[in-house]
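Structures given as structure tokens follow.
Each of the next two complexes has chain A plus one more chain, namely chain B in the first and chain C in the second.
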Partner chain A sequence: MTSLLSVAGLTVEFERGATPLRAVAELDLELAPGEILAVVGESGSGKSVSALALFDLLPPGARVRSRRMQFAGRELSALAPRARRALCGREMALVFQDPQSALHPCLTVGRQLGEVLEQHERLSRAAARARAQAALESVGIAEPARRLDAFPHELSGGMRQRVLIAMALIAAPRLIVADEPTTALDVTLQAQVLELLRARVREQQAALILITHSPGVVASVAERVLVMYAGRAVEEGRVEDVLLRPRHPYTRALLECVPRLDRPVDAALRPIPGAGGDAGRERAGCAFAPRCALRIERCERERPELEGQAGGGRAACFRAGDLEALR
Partner chain B sequence: MSGRSSWSALWSTRAARAAGWVLGLAALVALLAPLWPLPSPARIDLSRALRGPEAPWTRGFVTAPADATLELGAVDQALDAARRALFGARESAAWLGTDSKGRDVLARIVWGSRVSFLVALCAGLTSLVIGVAFGAVSGYAGGRVDEFLMRVVDALQSLPFVFVVIFVITLAGAWKQELLALGVSREVLLYVLVGAVSWLTMARIVRGQVLALRSAEFVLAARALGASHLRILWVHVLPSILPVVIVYLTLSVPSILLMESFLSFLGLGIEPPRVSWGLLAADGADALNPLRIPWWLVVFPAAAMGAVLLALNVLGDELRDALDPRQARERSA
Partner chain C sequence: MSALLSIRGLTVRFPVRGRREQVQALSDVGLEIARGEALGLVGESGSGKSTVARALLGLVRPSAGTLQLEGQELAGLRGRARRAALRRIGAVFQDPFASLDPRLRVEAIVGEPLAVHALGTRRERAARVAELLEQVGLSAADAARFPHEFSGGQRQRIAIARALAARPELLVCDEPTSALDVSVQAQIVELFAELQRRHGLAFLFISHDLAVVRRLCARVAVLYLGRVVECAPRAELFERPRHPYTRALLDAVPSPVPEAARRVRVLGGEVPSPLSPPSGCAFHPRCPEVARVGQERCRHERPGLEEMAGGTGFFVACHLHGSRARQVGDGH
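Then we have the complex of A and B:
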């Protein structure tokens, strides 16, 4: 399998006072063309920061290190800023979370879509407009010709998200990173947008990284899933394995926070005690230990590595093997 | 920015149209000043000093005495010749009165508007071009570049402006012939100086706005899709700050006009026989005394200045509204 995206040892630190704040630590990512990977985790687990690091969009105070950050065989960190920018939008695209603020309020939709093409393909404004119309049509917007002249505030939330997706897809990139593309939408729209993303990704043979905190989204779209906690990958595997037989106590706890139809109504949801993992403070042991029900003494001393588990998938937990028995 | 829709939105309001007409008319009158059958603004006739205004219908036109005309450029000479062909030796009587040296107030207002508009235009353009570019680069680049550029602005702003002007004008006086050979008269120097200070505040304002926008999500989104820095500044950032720029621009023009009048009043700006609105205001204020109040020396220049400034502010306000797509649509709906 030749991978489209291959990241090893990605670490992102922010300078805050004396000790740097480590938002992402030693993250590895492999993605094949056409694959859909979901990245799951609580707020502050480093999902979005990793995505921004791929696109070189972190604010100046951030330090990004990695052993390897290859996209289609090219080392991203070795590229000149200009060359890297040429990749963004054309070969790899990022879909932002909030369509309200990610679209420019004073530019028409057609203009914003056309911008991408004007930048990358040196198209004239008229040619870009024609392509923009086609792009709007492809994401299922009715009356695309009329919508081209609409301003973002004249569109509904779902339509705005579609426009954002159309913007990301317009230059037919090979990698799409969608940062919580459905969080700002209501449930019916979520399904539509996810289906749209999946269909378009399949059509273009592009790979998709879907950042989300909703296991429901993961189950409906992704093939592989990566669970992050406090800036580290804690579990990784095929969707069925991870969702049905989680190997990490955090993954299990996360799944138990979600209301489900196949459980009795009065079965209480179990929130994870304590606050989300503080990515900034490096602990000696496992970052999840303070909130973990299965904590043993070893968890406080040693940090578990991400290791292959019996039955496929990888998890970073000393008690991954016991989890099955405790079920 | 979708150009056409905002312009049509602008033109659809009555206030903007009125302001546009006033400004257009004022510009036309100023540009074609030599064409109008007016007395020479520099002709001194002490026998006719401080005459009150006469309505055009009581005394319309009089025969002009042959007088030394102003030094005019090639275009103005052509206009002057056209006037002679059209109106012969006729010129308007003192419709708006005469000042303490017997000069016609109407002619002085018209000719003075040329200088004042030029000063305002000069200051407006420098603050629009230099100020916006400087501020945008500073705010967008951030970090050390921002630090350095803003300290430059600080340094320039901390210079006491009047002393700098006195210094430069005096220095220029010593080199007058050499400078004139280069085509730099004292007036041009004045324009340059006014322009040099007028962009500083604009740079600050723009920098603050850009700083806030730089980390806006739509700018980040544009970067994620590969927009170059220049494109982000030009396409994504500048349209968003345009309303602020326009409002500040219209607000700064009155203070520029006042600055010119202040400098002329100190004898550092426009020299007679040239005239500007600032000089007119200063002359008018001088002529007022408890015994006799030549009100026309104050009222008419002030009215002209007031009308133009009001039109400018109205237009700026309407333009800002028209550039905001939300407001534009709401009004037309």
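Then we have the complex of A and C:
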């Protein structure tokens, strides 16, 4: 299958003091139409920065390099800023995490939705309004005509998040990147929003990159998952494999610290020892080594590459093969 | 059993700008917490969870009802009496970035309750702050630093140390782990578990994360549109939820096991506006059971919170279960 998105060697650095802070290092992404990829990792792992790099939304101090950043066969980094902006919003859409700050507080919902169409499709106000109403309806908002004239503060959090999704979907994009779209929501709304995204991917053969820290969200939506730690991909594979048989000790540790309803009531959570894997502090060996229970001497010296594992999937760990035996 | 905290008939109404009627955020809420017990309070946003905490901390004034700490009424206390009563209740909020004054050193932040309640000499307070910081997994040397020097999880530890400073008997926690990364969340959850075990602290633990509540709370109350719809011991509530809303909440939690996660059932709609609550049972417009069995009664008559047959200390406000329980009791 041909890729819709093909990224190789994405590296993002921020200017900070003498040594630049490396937020993302050598990241590869491949996504086919209709595919759902989940990207998981803790704050500072580089997942949001990677998304912003795709949309050219990083602040001026950021340096973005890549060997390839192709969307539908076009090299994004070679596009003129104007052509790239035209692409973002119409063919590639980003759903932000925080509906509170991603919506303009002084503009009505209808204006903000319509703006996307006026911008990209040169529709008239009236035509844009009709499309906006249909978009609100499609994300399950009751009384869409009345909501068009509402300001963001007049809507509940769940409704605001759905407005953001409607906004991202209104131009029927081929790629949707959703950055923690349900983190601020109740479980009930989370289930609704995930169902909505899943349906859109199915109906429009769009591709979805879902950034999340919740294994439950990964399991319920995605087919493939990429685990990031300290700016690098450490494991990648089919959701069933990665969640049930993780190959990287970090993935395993992450899964074990999540509270679950299907564990014994008195089972204590097992936090990952040590402080979070902030990208940027480059070390010689594996970035997870200081927190890793399976570390060996080699992990301190040498950085493991993301390598194919027996039974499918890829992991960047010298001990990936041993993890199965240790289970 | 004499409760440490006893809330009865708690009703909170807020005025609404530009309207004559008031919005009823809480209606006739009753909850009890024994010494050393952790009670979880769950429900969607807009259910009134935080209003319970705010009423308890004296941040909103109840329109009706009583809030008693070992028989002493909290609502309506003023001045010194109010301060003395509130010393026995500590509070931890969601956002460790907003709840710590950025201009104060950790020593002043954690020591503030000691200063407010005039507990100990300056030297004793410094010693207590050091002890508290170590108790929450920080070091005594952190006292001299400022909040911005800490990560989110560390800041939440500082907020917890502050809440513990005046040796409260009850800790009110409003979404204390929701803003944290999963690994940090696990650390903080286990810290709460340890505080409960080692110091016999009682908790009112408010969270929308049912799995976290299950880990920490022996009893759980479910709130819907300002009313308790179910209150039961943990094992009952999670294994055999009675109220259709409780069941819907549990069904919406995605499991990290892919096969199970795809079976998540979606509860439609949102919590209705408390300005115009539905007639009868407030949950009936979203209730999957009502849709199935078509109970007229649910649309017209509000179910009261009743203790289930067998007297096992669990309460449900649902016509469907009330009648079923009675049937069992009648020997049908």
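In the analysis below, the second predicted complex is superposed on the first by the 327 of 327 C-alpha atoms of A that agree within 3 Å, B and C clash if a C-alpha of one lies under 4 Å from a C-alpha of the other, contacts with A are read in each partner's own complex, and residues count from 1 in each chain.
What we mean here is this: a residue touches a chain if its C-beta (ideal position, glycine included) is under 8 Å from a C-beta of that chain, and two chains touch if they have at least 3 such contacts.
Every value quoted in this text rests on a predicted model; they were computed, and no experiment measured them.
> Give the label of whichever partner, chain B or chain C, reaches more residues of chain A.
Result: the larger residue contact count on chain A belongs to C.
> Based on the superposed arrangement, let me know which partner A:14 touches: chain B (first), chain C (second), both, or neither?
So A:14 meets neither chain B nor chain C here.
> Between chain B (first) and chain C (second), which does A:190 come into contact with in this model arrangement: first, second, both, or neither?
A:190 sits against chain C, while chain B stays out of touch.
> Is A:96 contacted by the first partner chain B, the second partner chain C, both or neither?
It touches chain B, and chain C stays clear.
> May I ask you to decide whether A:115 touches chain B, chain C, both, or neither, giving the answer as first, second, both or neither?
Touch partner of A:115: chain B, not chain C.
> So in the superposed three-chain picture, is A:254 touching just chain B, just chain C, both, or none of them (first/second/both/neither)?
In the superposition, A:254 touches chain C alone.
> Return first, second, both or neither, reflecting whether A:154 touches chain B, chain C, both chains, or no partner chain.
It touches chain B, and chain C stays clear.
> Who does A:272 touch here: chain B (first), chain C (second), both, or neither?
Only chain C is touched by A:272; chain B is not.
> Of the two partner chains, chain B (first) and chain C (second), which one does A:55 touch, if any: first, second, both, or neither?
Touch partner of A:55: chain B, not chain C.
> Touching residues of chain A toward chain C in the complex: what are they?
42-43, 156-159, 186-192, 194-195, 213-220, 239-240, 243-244, 253-255, 257-262, 265, 267-272, 275-276
> Mind pulling up the chain A residues that touch chain B in the complex?
Residue positions touching the partner: 55, 57, 59-60, 82, 85-90, 93-94, 96, 98, 101-108, 111, 115-116, 119-120, 149, 151, 153-154, 164, 167-168.
> Show me the residue ranges of chain C that touch chain A in the complex, using the header's touch definition.
Going through chain C, the ones touching chain A are 44-46, 151-152, 181-187, 189-190, 193, 208-212, 214-215, 234-235, 238, 248-250, 252-258, 260-262, 264-268, 270-271.
> Report the residues of chain B in contact with chain A in the complex, numbered from low to high.
It is residues 1-2, 142-143, 215-218, 220-228, 231, 235-236, 239-240, 323-326, 329 of chain B that touch chain A.
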